[in-house]
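Each of the next two complexes has subunit A plus one other chain: subunit B in the first, subunit C in the second.
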Partner chain A sequence: MEVLTSELAAGPEPSIEVRSRKHPVLALASRRVMQGLVTVFLVSVVVFLATEVLPGNAAYSILGRSATPESIHKLELQLHLDQGIVAQYWYWFSGILRGDLGTSMSNGQSVTALVSARFLNSAVLVLLAGFFGTLVGVLAGAIAALRRDRPFDHALSISSLALTALPEFVIAIGLVLLFATNVFHWLPAISLLPPGTTPLSRPHVLVLPVATLVLVIFPYIARMMRAAMIEALESDYVEMARLQGISAKRILFFQALPNSIAPTIQVIGLNFLYLAGGIVVVEYIFDYPGIGQALVSAVNNRDIPVIQFIVVVLAAVYVVVNIVTDVVALIGSPRRRYAQ
Partner chain B sequence: MPNHTENNSGIRGVSRRDLLRMTAIGGSAAALSPLMTACSSDGGSPATSPTAAASPKRGGTLTVGILGGSSSDTVDGNTPLSYTDNARLANLYDPLLTFDRDAKIEYNLAEELTANADATSWTIRLKPGIEFHNGKTLTSEDVKFTLNRIASGNLTGAPLLAVADVKNIEILDSQTLRVPMLAPVAVFNEILASPWTFQMVPVGYDPKQPVGTGAFKFNSFTPGQQSVFDRNPNYWDDGMPYLDQLILVDAGDGSAQTQGIQGGQFDAIDQVTPAAVAGLTSAGINTTVSRGYSWNPIVMRTDVAPFDDVRVRQAFRMILDRPQAAQLAIGGYGAIGNDLFAPFDATYNNDLPQRVQDIEQAKSLLKAAGHDSLTVNLVTSQQIGVGIYETAQIFAEQAKAANVTVNLQNLTQAAFYGPEFTKYPFAQDTWSLYTYMVQVYYSMLPTSQYNETHFSNPQYIKMAQTAIKTVDEAKRAEIVHEMQAIEYNEGGYIIPFFTGFVDATQANVNGMLPSKMGLPFNNYRFKYLWKS
Partner chain C sequence: MTAEIRTSAEDVLAPKIRGQWRAILSRVVRTKRGATGLALTAVVVLVAIVGPFFSPYSPTALVALPFQRPSATYLLGTDALGRDVLSRVLSGGWLLLCMALAATILGVCIGAAAGISAAYIKGRADGLIMRSADVLLAFPQLVFALLLVSIAGPKLWLIVLAVALGHAPQVARVIRAAALDVSERPYVRAVEIQGVPRRKVMYSEILPNLVTPLMVEAGLRMTYSIVVMAGLAFLGFGQAPPDPNWGIMINENRVGLQSNPWAVVVPALLISLLTIGTNTFTDAVARVAIGVERQPVELTTVVAGGQE
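Right after this comes the complex of A and B.
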């Protein structure tokens, strides 16, 4: 994921060169999409190689202890594992180009059938956690900025510091002990989701996983929002607006808020990126049938088509979230929006 | 009040009938039997009477959180590879023979198995009137089909079936068939009773329509997630099953299991770690300890240095403090081993003295073999079973006293069972419940599929060849005793203890009894359980 983080590091300050006649936003977006495609391709190559380096292959993993040299050989032929690395990669890649995601090596089901429901489950988790995390973070940050150095502000800084210091599994287990197993028995301790049902039809199984992720991400957003808001409130243009007699409400919503949202969006984007990978732990703890679980199982089974598909989609999510945050940040900051 | 039920660890244990008698008079099995000890670490007082004696009630759904599970899960009756597979198959299908709770072979679908005088063929007679889930009656053709399916498809049981000439099975009538052996085999019944492997499927079986004779019939299955099975109303075993529905959930790891049972989503969970028992007991959840005869040996390859020197093997067998290792690695929930497998077998040699830790003797043996100090690599894996890696750690720690440095090489499961498996000079492994001769056939002869110790003692091989065709059990026992004496002195297995399993159930789940089968829930046979 090195490629991605460096991409990300370059993210917050999109520098627009005035070479093309295109609208700067379009220019940025199209260049980033091209870079993104290259990134995703490289990720697929690196992950494929990494899977190849792991000892054992799908045939050994499927047959396990009962493997005999003959049965291994038969299965390797069946799964094309006898071919060279390049041929195997091409077999997968050409399938992708034809729109065929391949079939799972461990049970012969199509990769799409195997992971689409899980993607949906994970997406629900990420989007809900992202939405509530953002909402709580922005609101709490804004309120703390407006009530600077008052009890709410202090309470927020202490609790957000404490929360950022705790790993997600500690938060998750704390919530489970409190609301599911030891103190109260209000919520399910694990998120069992019978196949064929969507998490939205059983909202109670989502409460604890979403709450865990909200507690993990909101402190970062709140702290950024608070800082940006304070900066905006102390800025010259807000001072000017006040002197002109514009109402405090108007200043807040039309001056301070838009200007503090831009830097906060970068942090929100970063948190969505975290969520895309960070849900693995939370899915594991709550036994939630998402892609995290599927990826762990696929790696254990050396199930290359499934690993590749999940990783490529995750990489694509990283790239897309990066592009979206950059574009939104650009649109949100008028000074940088137009070429000078 | 939570029950904590255990069976005893000894070889001469109380029988299931004794246990039922004791529980029927309302006493505690753990308190009444001097052989049975309530584990002091469970935090509970002696157990109240296990509820198995009450009369069972019909109905209800049992949701079980099973450890593990992945996208390679199967419901094909003849290709089990993991405990989660076994949990499904044991309820959908039945074998001809099985082990009961006392690790004795009992008839299941078969009514009788008899060898001819020289053990060159076996006649199998089926119980009459057994129906598959699709309404078809079980006949000898189905047995012939299943055995051929396993052998020709090279499925899980194929290596064991290699003794039989399955292509030339003779159908005698609709309930009877004769299986010719390729060479005389006096223990074909023991082979067919091996857990995991010989579930009967109907002629023309398609694993996509998993039809068996089991207590539960197929409803739905999603690999890596869950399976739902419904009560088989036409089940052959009187009155069973009691439950209307069985839901088996792949619970991933142990913490999701304990969370799930404490939160009330699971009615039962398997393979509870010793460390979790106290917490569950205090939360009002019943635990049942089954001290079985599965075993996780440390394997020395007898044909490569330093283990080609018998003195090194003998020294290594004296390194471990076995009771302490059993306590640390599996919470004491297992019987102490004597480097010999299958203590439940009627032919087992009980006369060999229990091996104990003797560091001084080990040192002098190593010195005699020319090793003042020794460094070895032990290939292990945290993913192949409970307590295995811990045993390796304890061994490494205790070996220091004998000037032996043991470096642990911790592999993933896929790597461990990779191309090098059975070729490691020094490694661990895991074995289920097989009778003595079946295990010999599986792992002790140069022709064995899993001859991981590379044991090749001409005298031993000759005795094994005689024993396998000796129909008279008493005569066979004499030979086996000598074979075990050779293993005891020269073999490559270190068997410090046998493994136990802890199952946990909610207070309203009844019918739990300890089993010596060495598999959770008496080999996942949920037909015995009922809810109140």
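Right after this comes the complex of A and C.
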């Protein structure tokens, strides 16, 4: 909080004194965290208002034709529909903060119980896909840059153009066709997890979902890595190192590679952002019990509390990843730390 | 005075924009990538538009047993309910295409208007517009569409609006960055001093200079529109069930992947050719227009989106 006030007091153009007093990474991080909190708050307001403008009475639309005046009244009390909109919002938002997410409208289960296990499953999927996607992307990009205009480079260029255009579900169906149902029968076409088991205990069900997401994200990372690596290889400092007689391997690993990963971090972050939304379709296709699949069924059942919560959480994840990316990118490139 | 400028703006600048579009496009189609992209897109568009007139059966009629393999009577076999796959493929594209096109146009227009206004008016309007963009950007595009659909049901106009609103903030960011540069140029200042209204300045002076980023954005958004539209249809939020749609077909027929894979493969192939076509074409446009051999298309988005 102190950081914030000094930031505000400094005004739009911080004096040199302020800048030197505070570490620039810290300054950016604190500014971003504040912006992020405001964004998440606004997102929650948008989600809440959007779901509150349900045409007709929410209680009636949930109970349907079987509604009686008594049951409608009971549900209205349960949903706090008898109170003002600000009070309703506050009740809902403070519930989220307390970890009390209300009850699912379709089965009366508590939303917290419904989503907590699924969160873990989705997190496993996102982290694995993000890790392998980054690994493949960075490697492919670096190799393409080293072998510029050779067959590998061209193959990567063409295939990334195609892969970045394809919808996730088409890639997923292609993989299922190839590895599960028609050509080979190596892997399960759907990734069912019996309740109580974690995805890591049954790694074979993770292969196709993770592979789908890796194929979606790695081309972006590879392209950026290639461009950054070529720029690094053509730079003066690499030229200077060459003239000094430093071995090509040393130059590659200690100069070109670290300097091209820094600009690539932004793109890696963007791809984690994509994954937050991309899991929806992929989990649905593979019947993988994560929050994406829960969101789709909640939308089908118009299960408002579940929708509200998952959407707010995905948005919050998005904001957090954005902040982390900015800070990591800043740490990774010292030059930009002082650029205002 | 103003009248004079108005006529000059409309007579001189409008053809200039059209000329720019044409000049870039004619160079694009002469590149290998541009021609390939255009050809792929054209084939699928042709299938989608002409297809309904050639469908051998009604796309909703139950004609045979489910998941029959291709035969002389049913060239691509039958689907999960025993309908003719070929007929459904031929009729299942045009609405998807129209909706994607509508969402792209709407999204690019809203985004461009917001981006130019933010860059030119500056101050509070800029802050307000870009903060709203930030909030919208925090929703993954498909999730945002799902949220809207959950509120009002899967209505077609709502899906178009949802996809367009998902595009708008991203377009706004790119266009704002480009417009900031243009709005500082001396001739814009010169026109301002003559007392030309702001709206006129934005429309007649700034917009014509944003043709290249707008073209690249429009192409990029078209690809994403198709991807998101088809994805929503795949998830069951598109046309109502009996109507054919390539996205829905892939989902409803994937249980029969082993009996009749064509019911899934053909619609998936058409969607793929279409998005690869538009993406390749856009890539060619970006290369020609911006002249960046090494800069990938999404980098322009990344750079503009990565800052503040």
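The working rule: the second predicted complex is superposed on the first by the 276 of 340 C-alpha atoms of A that agree within 3 Å, B and C clash if a C-alpha of one lies under 4 Å from a C-alpha of the other, contacts with A are read in each partner's own complex, and residues count from 1 in each chain.
The definition used in the following text is that a contact is a pair of C-beta atoms (placed from the backbone, for glycine too) under 8 Å apart; a residue touches a chain by one contact, two chains touch by 3 or more.
Remember, predicted model here, so these are calculated numbers, not experimental data.
S.K.: Have a look at where A:L257 lands relative to subunit B and subunit C in the superposition and call it first, second, both or neither.
M.R.: neither
S.K.: Look at A:V47 in the shared chain and tell me whether it touches subunit B only, subunit C only, both, or neither; answer first, second, both or neither.
M.R.: A:V47 sits against subunit C, while subunit B stays out of touch.
S.K.: Quick check on the superposed pair: does A:A29 touch subunit B, subunit C, both, or neither? Answer first, second, both or neither.
M.R.: In the superposed model, A:A29 contacts neither subunit B nor subunit C.
S.K.: In the overlaid three-chain picture, which partner chain does A:V280 touch, first (subunit B) or second (subunit C), both, or neither?
M.R.: A:V280 contacts subunit C only, not subunit B.
S.K.: For A:A298, using the defined touch cut-off, is the partner it touches subunit B, subunit C, both, or neither? Pick first, second, both or neither.
M.R.: Both partners, subunit B and subunit C.
S.K.: Let me test your reading of the model: by the given contact rule, A:G174 touches which partner, first (subunit B), second (subunit C), both or neither?
M.R.: A:G174 sits against subunit C, while subunit B stays out of touch.
S.K.: Subunit A residues in contact: does subunit B have more, or subunit C?
M.R.: C
S.K.: Contact-wise, after the overlay, does A:V324 reach subunit B, subunit C, both or neither (first, second, both, neither)?
M.R.: After superposition on chain A, A:V324 lies in contact with neither partner.
S.K.: Which subunit A residues contact subunit B in one complex and subunit C in the other?
M.R.: 54-55, 176, 181-182, 189, 284, 298, 300, 302
S.K.: Considering only the defined contacts, which subunit C positions touch subunit A in the complex?
M.R.: 131, 134-135, 137-143, 146-152, 223, 226-227, 230-231, 234-237, 247, 250-251, 254, 257-258, 261, 264-265, 268, 271-272, 275-276, 278-280, 283, 294-296, 298-299, 302, 305-306
S.K.: Within their complex, state which residues of subunit A touch subunit B.
M.R.: So the residues of subunit A touching subunit B come out as 54-57, 60-68, 70-72, 74, 104, 106-107, 109, 114, 176, 180-182, 185, 188-190, 192, 194-195, 284-287, 289, 293-294, 297-298, 300-303, 306.
S.K.: Residues of subunit B touching subunit A in their complex?
M.R.: 70-74, 81-82, 154, 156, 159, 220, 222-226, 228, 249, 251-253, 255-256, 259-260, 262-265, 283, 383, 411-415, 417-419, 421, 430, 449
S.K.: If we count contacts the way the header does, which residues on subunit A are in touch with subunit C in the complex?
M.R.: Subunit A residues touching subunit C: 35, 39-40, 42-43, 46-47, 50-51, 53-55, 161-162, 164-170, 173-174, 176-177, 181-182, 189, 220, 223-224, 227, 230-231, 266-267, 270, 273-274, 276-278, 280-281, 284, 295-296, 298-300, 302, 304, 307, 311, 314-315, 318-319, 329.
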